[in-house]
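Alright, structures below, take your time with them.
Two complexes, one shared chain (subunit A), two partners (subunit B, subunit C).
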Partner chain A sequence: MTLHSVQPAAEKLLGMPGSLFGTTLIIAGVALFLVNLSRRLLLLFRSQYDPRFSSLGKRFLALLTDGFLQKKLPRFYPVAGALHIIIFWGFLVLVLRTVELAGVGMKPDFALPFLEGGFGAIYTLVREIFSLLVLLACGGAFYRRAVVKPERYKGSHQGEAYLVLLLIAFLMLSDMTFEGSGLVLDRSAGTGHLGSRAVMLLMSGWSSETLISIRLASYWSHMAGLILFLNLLPFSKHFHVLTALPNVFFRKLTRGEAKPPRWDVPAVEKLQTVGVKSLNDLSWKQILDLYSCTECGRCTDNCPAHAAGRRLSPKMVTMKLRDYGVGGKGGTDGGLPVSGGVITDEEIWGCTTCGSCEEQCPVAVEHVDKIIDMRRYLVGMESRFPCEIENAYRNAEIYGDPQGMGRARRREWASGLKLTELENPGNAEILYWVGCAGAFDERYREVATAFVSLLQKAGVAFSILGSEEGCCGDFARRTGNEYLFQFLARKNIEVLQRFNGKKVVTTCPHCFNALKNEYRQLGCTVEVNHHSEYLLELAGEGRLQIPGGATFSISYHDSCYLGRYNGIYEAPRNLLQLGGAKVVELDRNRERGFCCGAGGGYLWLEEQGKRLNEMRVDNVVAANLEVVATACPFCLLMLQDGIKAREETAGLRVLDIAEFIAEKGGAAP
Partner chain B sequence: MTNMANAVWVYVEHKSGHPQESSIEVVCEGRRLADQMKAELTVLLFGRSVQDAAAFLGEYGADEVWRAESDDWTYDQPEAYAAVLSALVKEHDPAIFLFPATVSGEDLAFRVAARAKIGISSRCDKLQLGNDGVLLQNRLAYDNRVHLTESFAGGRTRMATVSPGAMKVKKLAQVAAPRVVSLEPVRYLRPEDQRVKVVGFIKADPATIDIRDAEIIVAGGKGVGGTEGFRAITDLAEAVGGAVAGSRMAVDVGAIGKDRQIGQSGKSVSPELLISCGISGANAHTIGMRDAKVVIAINKDKSAPLMKMADLGVVGDFHEIAPVLIERLKELVPQHVRVDEAAKETLL
Partner chain C sequence: MNIIVCVTEVSRICGHGGVNDVTGELDPKYRVQMLNPYDEAAVEEALRIRENRGIGSVTVVIVGPARTERVLHWCLSMGADSAFHIINENMEDTDAWGTSQVLARFLSTREYDLLLFGRHTIDYGSGQVGTFVAELLGLPVVTSAVRIEVAADGKKATIHSALERGNRLVVETLLPAVLTADKVLNRPRYPTLPARLAVRNKPIQRVALPLPDSGAETVELPRTDIVKVAPAKLRPKKILSPDSNLSPSEKLKFMMRGGITEKKGGSVGGTPAQLAAGIIDFLRERKLLD
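Then we have the complex of A and B:
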């Protein structure tokens, strides 16, 4: 260590002992930080209950992979990700150095005991490496912001970002200067590494007075910079330095499960107000989200609504909410309402709840639940929603399906199939949950029929619920009509509980998600399979024979509710491959899959701007294949509609995976 | 005039002196209530040439017919009628006053109720007298999901409008000619009661009418082509006297406006006749037209879902069929009421 050299704590500064100055500076700086921190925490403590302590093992694992190892950062943004990883790891390494330096300012001859000796030498080398890397990374990051100017930074606080980058770079440089100048003054202490070595080479031969002044100046300016940085944190996006790791730790473990309006009040009719009016209506995790946002814009960069030119930008929603809360007015009820005020109706209604933003967010911000909570307020308290969905609400409430076809007609699609087993749910091996699309949509009935033919071929004794089945409520929940969702869900739960323990298979990922992840909030747990999983299982058991036949290429479009919400990416692909298909990936697939445009209630809403399904068809057309497979009725209908709207797509077919398998010799002779 | 203290009143709408079916139903219901109350039934007839109706209404139980006539009243004058009726209510204090729940009947009923400051139940489908003689007024509410029974406190007169079709029509076995009383409306009318004067009715032009109100609709889809192709749709609509509408595709290509879109994100229509051309019939569209009484579909693809819904499916190219169809329609339906002529035409 170089501490026998000129010691800041031992030298006088502004007429007082350096140690007193240092102690005062650090205590005052930390105290000021704590005051501002507690102000931030106030909003956090005023927020709503949110249970986030389950599955600690998973949480620690996520903290390791997504937190400390920064898994998500370089995934789609390798350069920015690498730069951030360097700075982040650099921070971790330099924590120790910072403690050491703080001690140096408060007490002469201060040294951390474990930094003496061998470990100290290794640490010194490592931190010197990271100091230099961080400095270079800051330069790279500065260059990206100033020259490359990625679109996703639009709207972020750029000045603040530059300031912090310069500050970090300055901290690195001042530390190197402090170290290097000390080494010149006392060459017995070592030869330095990298940065400090460079400083040594530069300053060798300079007079002692100059070197002492430089050493002291670099130390105190380093400490001042550090205190400034610390106090900038609560006021800026760099608060994430403190909140991001907790935010990752407390993240939602089941993305498909929308947060109920209030975790502590499961039944919505017991609530006086529903949804988010003021920031105090958010849960503490949702507030932590706001503090954790780094304004990186990956959410917006991958947001289909944003790509279509709608007003929605998930990043701006988070930023606006935070800036409103930090501005001091957000917590009070007297201020602007959050829903339809701070965040406009257009933004709130732009979302398809595809979850792409959350998938991308490196710090586990949950955008979709906030959107749903804001919709809940607009729908439940203000009756403010796009008028075209009113019919769907009314139909679902009265007839049990958004089209208003009625429960009596739920079995109609199967009338030509002459299925005796349909009549006997008690003895069935599985319940096939047909869903409104399978029951009523002219086109999607073909998929339900194909799936049934495969079940029959595999000899599965199955049953449908017929008129006892009702809309799962997904569209109602996603558009903020929690009353309707719970009303529909409770009716279905009553029926499902009669067949307790029976496996349910759905063809619709939206039904699948509601039954699997959301009904448990109302006390119903049921084993649910998506038909992609179930058919694969049947094939694996040898019950379903799928003759492969000639291989040909098809593309596959990922459903958001199957993929991002439930992590089912491979099952449909594997199934297609079993059927002899070579699956050609579309641009934007799997985690980055592009929404068909129908989620979040958009099957019943009118799109503003470009149509998502037509944008998606661009990708399908680019693949230049005859068939695009899907595993979701929404996707199937939307893609089909998008294809119909274009001329050059003649001959392009959209098939459900079940249809593909049935066609490939599954059912047909 | 008899003692009104216990009377049941019914306002009767008529076309040139012929009482409407919906009003006759209300008269019969009034009779039933009056019998239970041992009261007289008074029928009120306003307008021109209402003399003949009096005897006719006697067959359904009217004890007394009050008629108010004026030469100015070629058409119903809701403002003037309301002034006269509310003055009569205040003067005579009837026990019950019923109106037919038609558009014009309710227009008048609510005006009278407001002027006389009396509570009113709308679209009642059942009226009962409670044990203590209270009138229980039953109606559907909240989008027909809830059945409400209402009764009003305070005051004497109970008012309600009665849903057409809800009450049974019953002729009396023994008919006594009702007493006819002629009122002098002038007595009750002040100039400020006649600010609005109805001078005539103009038949709606099918080309501009809201498609939800249209009786005949000709709808086009992607199969028809763009704006150019839609000319044939317009021609066909004109030939059958229908309104032009279309699928979302038709809106997208700019052939029709958003207000003429049928379907989930457009409007739901229920015409007597729908001619659907080049529309395959995705669910999002059929949701908006499934209440059409008769559907004729023209499509190249005979397996199009809409063909299955159609009463008559024509397989073929719309642009080959349309000209022939239009020619033939012109022969069969020689004179169609055109807009400018319709302006002079009246509906009454």
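Then we have the complex of A and C:
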């Protein structure tokens, strides 16, 4: 690094040596920051245990792709994403420069050893490029906020955002001025690049007194700005600068697995309380989530409940929790309860747990687990929940299914089919987990029958559990009734463990997710396949012959619990293609798939505002095809109801992928 | 105020299947275990009386085999203070009179201000036990209570009892008395997790049969034999044909209505909110709603 003739640390300021002033400023600034930081750390240290150190390889990879490479940022939001990437990378590049500048303020001849020589020259060029880009990006971001005004920023702290953008722009400009004025004073130091070169050209020929004053003023204002910025962090959403990368690193690796009430106490019977009453009941990752939220609003922008006009906005939930926690007396037991106080019942009960918010979040905030934890408090501690779900709770506990049909009728649907039950599982290759929808719902029984016919066609020896099967407990867990979930799960685990290692295949993504991801919290690991994967496997092995033939177009609706929760997007599509279908994508598909409206217990809850299934049918109608395929009983029933509610959809049919393969494989619908 | 609630388990819910086609008996494998909903309303009411008065206790009693203890767990998790289980493994061998005798003998050794029963069970549903027990104990009885108001001194109670067609009988009685609860009395609570877990600290006191002689004359338990459980016969559907005396247009109207004569009176329409408001107005006009 080149030494300029006028160094701030060597000049006197306010009657004291610059180096003393600089050292004092920096130490005071950092100390103030640490004091303010401690308030936030306190909340973090008071939080609950959360195991987030497994699979370090995956975590480092995520840190690289989602953290440093910002993979999620430009997806769906290219302009905002690009602007952020520039500013973020600029920050990374300018870290060195900041250290250097801080050093220069304390010691006149300060220099970072590795910034001498060749690397230093390259670094200077790169830094200058990024300084300019960041400056432009700040302008772009400012323009977006002030003029474009995206809907998703509604409710965010706008003033704070403007202040920080101005501050960053100012830091860039002051750095350029400091550098540029120095270059005029000391021609031997080089000609500068871009920003500082522009400043240099502008100021060449100015008197050296003016230049010295400008150089000192720009330096000290830069340092003041830097310290102001540092001290703004613990008071604003810009705290994400510090916590976002750790938050991405400690992200949840299995999205389908809902957090147990307490990671260190998996069995609900061992708990004194359940759910979140005060912020201290959150886990440390959940607190880190609150700190990492950037208020970008992508979650809310993609939230089906929000789109339907419900009160819920995932962004506001996170913001409200954080603002309550860091402001005033929040976070203690003396204040408002979190569930039903800071966050209203309406917000808590609005969620369908579709996971779209989490999928969109660039900093890996986990909204759904917090909603579930808040529901746990309301259900478990206060018995406060929408009254319409009580029957489902009672039915599941008494009869083993939310509809209240009873175990005796579990295999009624299969009375015409020749199936072996649990009594004779010896030669069964797989276990077909029928689920409550397959067993009891009149329409979905057709899907179960179609799937069985495919299994028989492929010569698979399979077995069903009949009356031994029970509700998987998904709806209970997602609505916060953890006691009921564990009660149901334990009954099923007892049965499943008798099968020891037999592969389970489900047609329901909710059962699939519960068996695959959640039963292991209670000590049961089973190999589970969704029927989309299994049928594809059978077709791949040549056991299941699917006649191809005429191609025609159908649309496919993604199930949240299959897609976002378990990453199965391609299997159902590939299967449809094998059956001769050309899959036409609906608006909002795959990661951005729009919830049918039945998840999170909503099959048994009354919807407020617009109906999600009818909104989804709008997308299906827009595709203008005769068949929409699904791979989930909830989606199937919801779409069917949505279609019934409209007139212009008379010819539209909803089929499960298994039905499509069984009935339509190779022939036009 | 000490309240004792006598409850029972219902396990025979034929609507949920599991009935042997040949014998008409419920397959024990498919037995459900639930608290009779009318008894649940009685427990809830007892809890509310206790909570309103801020003092007293709620005790639940069941006569039945060992498995019925699950029902007591539910009552305790709702908030009952203690529970007695009079173990009778052979419920099938007894009937309402027999059960009433057992209960009456047990209750004669206890102290209480109020005895609550469910109006009837939803399986056998004879609705007799409450009244039999009242007779055996020589207490006043009011059946089908839809509202219970206990006087401040705890010596009297005013009970609204359901009659047909929405009429109510308002009865005042001295306590102790036997009341049988209708389901519309209240909306039973759904137990919280701590309440469910607290059950572990509320021991159930088991009482074996035969009960020790309480001074009453020993009575032989009478038996009612079930001869047969006959499945419901489907009624032939009535097919209405228009009266031949009617004019063609009247006949047409008759057929268009599906053969059903419309009831007199207005009908409400509009959005669900307007519908609800209309229904409430209708009920208020007729003083069916306060």
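Operating definition for what follows: the second predicted complex is superposed on the first by the 657 of 669 C-alpha atoms of A that agree within 3 Å, B and C clash if a C-alpha of one lies under 4 Å from a C-alpha of the other, contacts with A are read in each partner's own complex, and residues count from 1 in each chain.
Note that contacts are C-beta pairs under 8 Å (C-beta built on N, C-alpha and C of every residue); 3 or more make two chains touch, one makes a residue touch a chain.
From a predicted model like this one, the values you see are computed outputs, not experimental measurements.
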Fit or clash between subunit C and subunit B when superposed on subunit A: clash
Which superposed partner A:273 touches (first subunit B, second subunit C, both, neither): second
Winner by number of subunit A residues touched, once subunit B and subunit C are compared: C
Touched partner set for A:483, first subunit B, second subunit C, both or neither: second
Partner chain(s) touched by A:393 [first = subunit B, second = subunit C, both, neither]: second
Which superposed partner A:404 touches (first subunit B, second subunit C, both, neither): both
Which superposed partner A:383 touches (first subunit B, second subunit C, both, neither): second
Location of subunit C clashes with subunit B - one stretch out of 20-28, 110-118 or 200-208: 110-118
Overlapping contact positions on subunit A, where the subunit C interface meets the subunit B interface: 394, 398, 404
Residue ranges of subunit A in contact with subunit B within the complex: 388, 391-392, 394, 398, 403-404, 440-443, 604-606, 637, 641, 644-645
Contacting residues of subunit B [partner subunit A, same complex]: 143, 145, 222, 249, 252, 264-265, 268, 280-284, 286-287, 305, 308
Subunit C partner contacts - residues on subunit A that touch it in the complex: 268-269, 271-274, 380-383, 385, 390, 393-394, 398-399, 404-409, 412, 467, 482-483
Complex interface listing, subunit C residues touching subunit A: 13, 16-19, 27, 29-30, 32-34, 189-194, 196-197
